[in-house]
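Going in written order, the chains are labelled A, B, C, D and E, and every chain counts its residues from 1.
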Amino acid sequence: MDPVIATYPDFPWLTLLLVLPLVGSLLCWMHRHQPEDCRWYALVVTLAVFILSVWMFAATPQSGQRWFLYEDVAWIERFGIRYTLGLDGLSLLMVVLTAFLQVIAVLISWPVKKHAPLFFVILMVMETGVLGVFLALDLVLFYIFWEVMLIPMFLLIGIWGYKRRVYASIKFFLYTLAGSLLMLIGIIALYWLHGQQTGVYTFALTALQQTRLSDSESFWLYGAFLIAFIIKVPLVPFHTWLPDAHTEAPTAGSLDLAGLLLKTGAYAMLRFGFSLFPETAQKSLPLLATLALIGIFHAAWVAYLQKDAKRLIAYSSVSHLGLVIVGFAAWNVTALEGSILLMVAHGVTTGALFVLIAMLEARTTTRNLDELGGLWHCAPALSAFLLFFSLSSLGLPGLGNFAGEILILFGTFKSHPLWAVLAICGVVFSAAYTLRMVRRTIWGPQGKLAVCHDLDVREYLVLVPMAIVLLWIGLYPETFLAPLHETAASILNDTEAARLAGGGR
Amino acid sequence: MSLHELIALMPVLILALGSTVILMLGAWYPRWRILLGAGIAVALAAALWAGVSEPPVDEIAALYSAGPYARFFTVAWSLLAALVLLLSLRYGEERRFDGGVYCSLVLFAGAGMSLLSAASSLVGIFLGLEAYTLVLYILIAFDRESPSGAEAGLKYLVLGAIATGFMAFGIGLVYVGAGTFHLPEAFSAALVDGHLRAYALLGWVMLLVAIGFKISLVPFHLWTPDVYQGAPAPVGSLLATGSKGAVAAALVTLCLGMEPYIADIASLLWLLAAVTMLVGTVQALVQSNLKRMLAYSSVVHMGYLLIGVLAVGAEGGGAVVFYVVTYSFATLGSFAVIVSFSHAGGEPQDYGDIQGLGYRYAFRSAVLSVFLISLAGLPPTAGFIGKFGIFAAAIRADMLGLALIGILASLVSVYYYLRVIIIMYMANVEPNHALHPGCRPEYAVLFVCIAAVFFAGVLPGPLLDLIGTIVK
Amino acid sequence: MIVPISHILMVAAAMFLMGLGCVLARRNLIMILIGVEIMLNAVGLVLVGGSALWHRVDGQIFVIFLMAMTAAEVGISLAMVVYLRRRKGTIDADAFDGMKG
Amino acid sequence: MATILFYMLSAVALLATLLCVTRRNPVHAVIYLVHAFFALALIFYILGAPLVAAWEVIIYAGAIMVLFMFIIMMLELAPSEDPGGAGWIRWIPVLLLSGTLLGATFAIIAFDPGGADGLPSFYASPRTFGYALFREYALAVEVVSFQLLFAAVGAFYVGRAGKPGGEGER
Amino acid sequence: MNETLLFLIPLLPLVCGALNAIFGMRAPRLFAETLAVFGVGASTLVTLLLWSYADGEGSRAVLYTWLSSGELEVPVAILFDRLSAPMTLMVTGVSTLIHLYAVGYMAGEKDYARFFSLLNLFVFAMLIIVLADNLLLTFLGWEGVGFCSYGLIGYWYGKGENADAGRKAFLVTRVGDVFFGIAMLWLFALTGTLSISAINAQAVQLAPAVVTGLTLLLLLGASGKSAQLPLMTWLADAMAGPTPVSALIHAATMVTAGVYLLCRMFPLVSLSPVGMMAIAAVGALTAFYAATCALAQREIKRVLAYSTMSQVGYMFLAVGAGSVAGAMFHLLTHAFFKALLFMAAGCVIHLCHEENDIFRMGGVARRAPFVFSMFVAGAICLAGVPMTGGFYSKDAILLAVFAQPGLSFQGLWLLASATALLTAIYTFRLLYLVFAGEPRGDAGHAPGGLMRWPLLPLALLGLGGGILNMPELVGGNAWLQSYLGPLAGVAPQVSHAAEWSLWGGATALVVVGWLVARRWYAERAVPREGFVAGFLLQGWQADRLVAALILRPFRAACRFCCYGIDLTVIDGLLDGSVDACKRLGKGLRLVSTGRLSTYIGAFAWGLLALLGWCLWRLVSL
């Protein structure tokens, strides 16, 4: 379909993807005395990244290889660290999602006045970090990107957040760092074990997959990795950083947090956690499913009580991500693809909800559900969008989330009917809290209101694409599933093969 | 002493003789800037010589090594002296420092550190250590206008003198046990049944007291915040980086020599490292003064270093050296930011002084944040690679427990580093009073440090390879 | 000469620790410095003992260096004492506690 | 004979040190310390280090202690330096601590298998000493000399009265 | 022409609804109204044009593959066969009339675009339920109607209760949806397909216990949507919506979706005797329950709502008794007359100045004879007056139940007959209270033409609906029964005598009911007080029961999770450890006194520790 990428597969396209935002942030920083220009730079750069990613999306799935694009350069040879990037269907979807949401983030942050240049610089640095996480295939490289995401997010929450922003940002940072430091230990330990066995000291994912581990080694190492991912996803009981971070973050921050950062946890679990320790991972699936199921209900119930709309949506994220993890735990193609699809859809849905809450807050000066109400009266379009995205969030068929959820449920039911039954019961609660939010915001008697105007052009520009994407996913998910089929199958097969190889010793 | 040895000694000689010349020059021609320029030139010349010329001998007078390890540190400390002098340019001028004395003292401190790092004998260690310690006594109290300077000088002096006593006692005991001062024979000759004999062990204990004082291991660390706080910031930077780095280098030499039987003292070092990391972290947590925070943070960092020292058999030596470099650049940079903000009236140290700094002094705040992030050990800065190396060595040496304590400490430590960033960027208040806009030499130092921090963080390969070749 | 080396070390250790005790107990800066002198002298005894034990002069030479160092240190220390006394009017070590925490 | 002398001298040295440590008046303390140094110098002599013994007397007793005395006189220190006399209470923890430390040190020293070795007689003649000092350790001598130089500079800088730096400094 | 054209039937309302949603408020009002009516009207026409596709086995059309992953392959497929075709025609036809009526009814509303767009979307979703040949697609429609119902019930969102009623409807039906969903998952796991026809074909191979389980799950799913026990509480509250909505969604179409689903899955469902019994029992019990409740209601629409519930109960009973044809027959006639009743009730409410309470109406007959006659037409159908459509369809059901062997079915038959009596009573009660006597409240405005004329076709359809399945007893040809063919389920085999006696009995019940109502309400227009009346008025206190059994524990669980776990335990642990660190730091601060003596002391203590270690080391060697 596309000649350029296919013709020059050796061009470092992926590096280009990573470097573009950095260049953008540099440009921004250099022009920091013209904040107006900055956001244009940011918009252009994020759009460029988005176009490039869509280009890849259109061009690469035809290649039929395990990795559509692959780059591998020696980096820190002394430690055997390589600069290895790879793009397969899974990363492709995540990259496109990232690029898309980042454009939205820039658009939604258009009115930011406070230290605007810094804001956009941070936004773009974060984009590099997130993209890097989705592309890295060397454990240390991955870890570096994993941590690089944190600081921009920390600043985003801490500088542009709301009242308890400092608490929230620190909590976010320390919580996630706690997990990732453990993972670092795990990475290094795996590295030595592999080196001792083979004499090759490397952090390459593909090589480390071959490491033979005793049960206890594998248990502890996998545990170290898993903690990091679980915190990031997050699963109950490691989730309490999320509501605080979401509530206090500025809109773009919430958008990125929900849309991207949480996904990195689930992504990494799939890419690294399961494939490095296939046997232990298999054993851990019931545990993961249990946590995830508890999370689905726990988060939904807690969400039901929230007064702050953002907090409510934050908890809904926890609940939805629980379903994603249930899909992982079911460990078959259908559930896996469903989980990945749900990750994308959830990113857009939840992101859009945060965006809408921000728009709503701009008009009402509050997010307190007790004070809101009757918004339809003066902002019908905004309310309609809120309703639309809420419906997607509660899993109305035909919209994005449903496609993922139902695949997860079908897949899960086949292997673990009970999990699926429990998971589907969560649907009622997700409807309960979502409708509660809708009821308190757009319906009911007129609540607090500062200015009464409906969406403007920029806001339409933000919301309409997101709505289209959700409808697309909901009605014709094949577009997004097609690149996944091969990848999901190979993830399962690779892991299975590794498990069998490990079992043969 | 042969001519070859003298040639091998040349960089130190350049520093020492240069410092005497500048001392005398200062008496007759007391132009601050010119003297400082001359000092920088001398330091750079020494660094250049050490870096370029291949020494004709391996060891000088059985006291100091002339190997690549020694050369590496000679270059490092000479450059450090140059940077510190550059950093002092405006600082000292505003405080009317005596140019000749100051400059020569800093240069001689550089020489002493180089000697200490190069030492291959206990005598060499003693002399090198004393050489720059003596100089630091004066430098800490160099600002005679500042009351806290005098206090800091006193504290460092008294404790330093006591530490000297311990050092000498330890060396004496080791000597009694082995009959030689030369390394590594001083330990290998003191073996009984493959273990260190009691005299040598006692000697180690005494040595560790002294070393613990110098690199601020708990419980010998209490002076650190006070002295950092009271000392002039450029001197503080020297104190926090070179003074500790040189001792760490010597410690690596000591331990590298006794690699086969380091198990004899491993449990002690383990305990010291653990206690140091934990106590330092917790104490840093409640500081509200930038320099004191940096002091406690340096305590914690020395704890990490000790992990590397313990794992000396598992490439820990290289990790320690790399860590020293990364830590030094970040710390030097942090002090440089303080220097650049300070004016004749004083230094901004208190968190109240740096509130909301981030937007008014964008570059320096950003740079300080990067240094702190590097100290916290987060990528993509040098600190991460440093910490990575240390933990990698620790895990390879099967010290998972210590690695976990280190992880815990660095997790908590992130809190106090971030706190500074929070205060700079997330407080909605303007700084209490106007801070100095800084001058070019200070910016130059900042640029050097930031470049180093990023370079060693993103492309650490060359430096790691270099260090790998010098530490065997 | 038939003194066991351990006895020499014990004497030295006793002296060293007396010095340390002096440093610990006294607040007068002069006395603290005197305590340090005692400690360093004890070290001298150790070194001379070691020198005699191994029949090598290194130990004695080290004592010379030690003395020189001590002299240098005492010079600076006493100058500092004078300076502090001039600044603050006291040589009570604990009077200098402006920085803490 | 020498053995007995050693123990006697040790006893004298330790006693003098103890007295020195416990004196209130720094002048007295210095005097006792000089005693201790003399005893120590004799021990050095017995142990075969005549040159060190000589320097002990010359440098320590002669120069350093005089310097101390000089400073004490110069600062006109009153005999009672501890405010309120403080009494012996303050010494108790110090005594306990020092005693424990001493016990531990002794125990460790006693642990060494070579501890009972008698010292064979050894005598380092000034010639041997000098050769070693200026051949093997010539570099060390240089380093020490530099240190002394900077100590002098430092002492001068710190100790000098008036404002630091001259008018012509800039 | 090809089968794909069948997609026009659902897509026309969808497109019109979407257009209305996007442009409705920007375009002139007439545009929105025309678009809405056009959407359903065109859909009706298309249905009629493509009617022949339903012949034989029916036609199946696939648009594209919706989801495919692993073994899962979900096409967007519709099945236009003899079961779905009449249903489609009913849905589109009744919808068209109701849309026309709605144009008149909503004439004063400003926010019309939302209304018409949702109404069109509803029709789309309903048609998807009807036409889908794929359970997942059915599910799409299933949830879609739920959402539209939610939006329309809460149309007048300004009053919180309305919005709450919508939410309640959505949530309660969603509980049912969960069971439907589970059944769907299970079916896929068992058969590897989601196609309804394929599943029905494979149903015989399934284990009986499994089929029973599936049937019960489907029953629960259907109960949610059709407001059957135990998920019936939402329907009465749903009357908060505009009357056309009640007519369309809560009388004619959506509430019958459950019945339709069971009919669709009849080949599967019928394999489980237990399941069939359960369906019948649920139907009969709901019919009785709702009829009793209807006796005591005070609001005209609530009476109708309960009566709907009751009538849908009959349909369930029919399915349970194995008579798909009976169920569909009653479904169709009920759709006509109940839509008619609601629309007429809407007119009455307009006439009585937006008054809902029947005890404050009265005398409407004289003021609006047309509306009265229409309402009476509907009412006699509902009451089951002989020769009306309702009579035939209801009695077909009673007959089917009667024909079933077994004591339990006899019991259900009795219950159903009693319900018939109750139905007659509350229907005539309504007639007397609303239309007879003197006006008791303010007079409102007369409904316009658009509100009146759509009633007429419905009245005719309702009264003459019997023709659809006229029993052979009176010379009919049982058209529906034969049209449905194999889909019709079992035809009841009863003797003519029994059939006649049943009719006689039914007629007697209607008469008795009329007499009772006349005696109680012809003169007296005071609501009954007392425990029983209150109990029935509150729908047997079902709401309170739900609140006590489910909502209160749910809230308690929420509070426990939020305050008990998240804020207290987890955050408490985290913040507590941070505090502990800081407190420790403050404690250690006391050590750094700034005094030299302390620092030297630390040296000594440190030395002691090191010496202690040294001793330990030597001893342990």
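The definition used in the following text is that a contact is a pair of C-beta atoms (placed from the backbone, for glycine too) under 8 Å apart; a residue touches a chain by one contact, two chains touch by 3 or more.
These figures come from a predicted structure and were not determined experimentally.
Engineer: Strictly by the touch rule at the top, which chains does chain A share as contacts with chain C?
Structural biologist: Of all the chains present, those in contact with both chain A and chain C are B, E.
Engineer: Which chains make contact with chain D and with chain E at once?
Structural biologist: Intersection of chain D and chain E contact lists gives B, C.
Engineer: Looking at chain pairs B-D and B-E, which one is connected by more C-beta pairs in contact?
Structural biologist: Most contacts of the two pairs: B-D.
Engineer: Averaging the CA atoms per chain, pick out the one whose centre lands closest to the mean of every protein CA shown.
Structural biologist: A
Engineer: In terms of CA centroid distance, which chain is the most far removed from chain E?
Structural biologist: So the chain farthest away from chain E turns out to be D.
Engineer: Measure off the straight-line distance from the CA centroid of chain C to the CA centroid of chain D, and report it in whole Å.
Structural biologist: Computed value for the inter-centroid distance: 5 Å.
Engineer: How many angstrom lie between the centres of chain A and chain B, each centre taken as the mean Cα position?
Structural biologist: Those two chain centres are 42 Å apart.
Engineer: Determine the centre-to-centre distance between chain A and chain E, using the mean Cα coordinates as centres, and give it in whole Å.
Structural biologist: Here chain A and chain E have centroids separated by 37 Å.
Engineer: Approximately how many whole Å separate the CA-defined centres of chain B and chain C?
Structural biologist: Measuring from centre to centre gives 26 Å for this pair.
Engineer: Enumerate the residues of chain D that touch no fewer than two other chains.
Structural biologist: Correct list: 97-98, 101, 105, 108-109, 111-112, 114-115, 136-137, 140, 144, 147, 150-151, 154, 158.
Engineer: What positions in chain E touch 2 or more of the other chains?
Structural biologist: 589, 592, 594, 596, 600, 604-605, 607, 611, 614, 618, in rising order.
Engineer: Do you know which chain B residues sit against two or more other chains?
Structural biologist: 123, 127, 130, 134, 137-138, 141, 144, 153-155, 158, 162, 166, 198-199, 201-202, 225-226, 286, 415
Engineer: For this structure, enumerate the chain pairs that meet the touch criterion.
Structural biologist: A-B, A-E, B-C, B-D, B-E, C-D, C-E, D-E
Engineer: So in the complex, the part of chain B that touches chain A is made up of which residues?
Structural biologist: Residue list for chain B touching chain A: 359, 362, 373, 378-380, 384-385, 388-389, 391-392, 395-396, 400, 403-404, 407, 410-411, 414-415, 418, 421-422, 425-426, 460-461, 464-465, 468.
Engineer: Would you tell me which residues of chain C are touching chain D in their complex?
Structural biologist: 1-11, 13-15, 17-22, 24-28, 30-31, 33-35, 37-38, 41, 44-45, 48-49, 51-53, 55, 57-58, 60-61, 63-65, 67-76, 78-83, 85-86, 91-92
Engineer: Which chain D residues qualify as touching chain B in the complex?
Structural biologist: Per the touch definition, chain D meets chain B at residues 105, 108-109, 111-115, 136-140, 143-144, 146-147, 149-151, 153-154, 157-158, 163-166, 168-170.
Engineer: Residue numbers of chain E touching chain A in their complex, please.
Structural biologist: Of all residues in chain E, those touching chain A are 21, 25, 64-72, 111, 114, 136, 139-140, 142-144, 147, 150-151, 154, 157-160, 163-164, 166-167, 170-171, 174-175, 177-178, 181-182, 185-186, 188-189, 554, 557-559, 561-562, 565-566, 570-571, 574.
Engineer: Please name which positions on chain D make contact with chain C in the complex.
Structural biologist: Residues in contact with chain C: 2-3, 6-7, 10, 13-14, 17-18, 20-21, 26, 29-30, 33, 36-37, 40, 43-44, 46-49, 51-52, 55-56, 59-60, 63-64, 67-68, 71-72, 74-75, 77, 81-83, 90-91, 94-95, 97-98, 101-102, 105-106, 109-110, 112, 114-122, 124, 128-129, 132-133, 136-137, 140, 144, 147-148, 150-152, 154-156, 158-159, 161.
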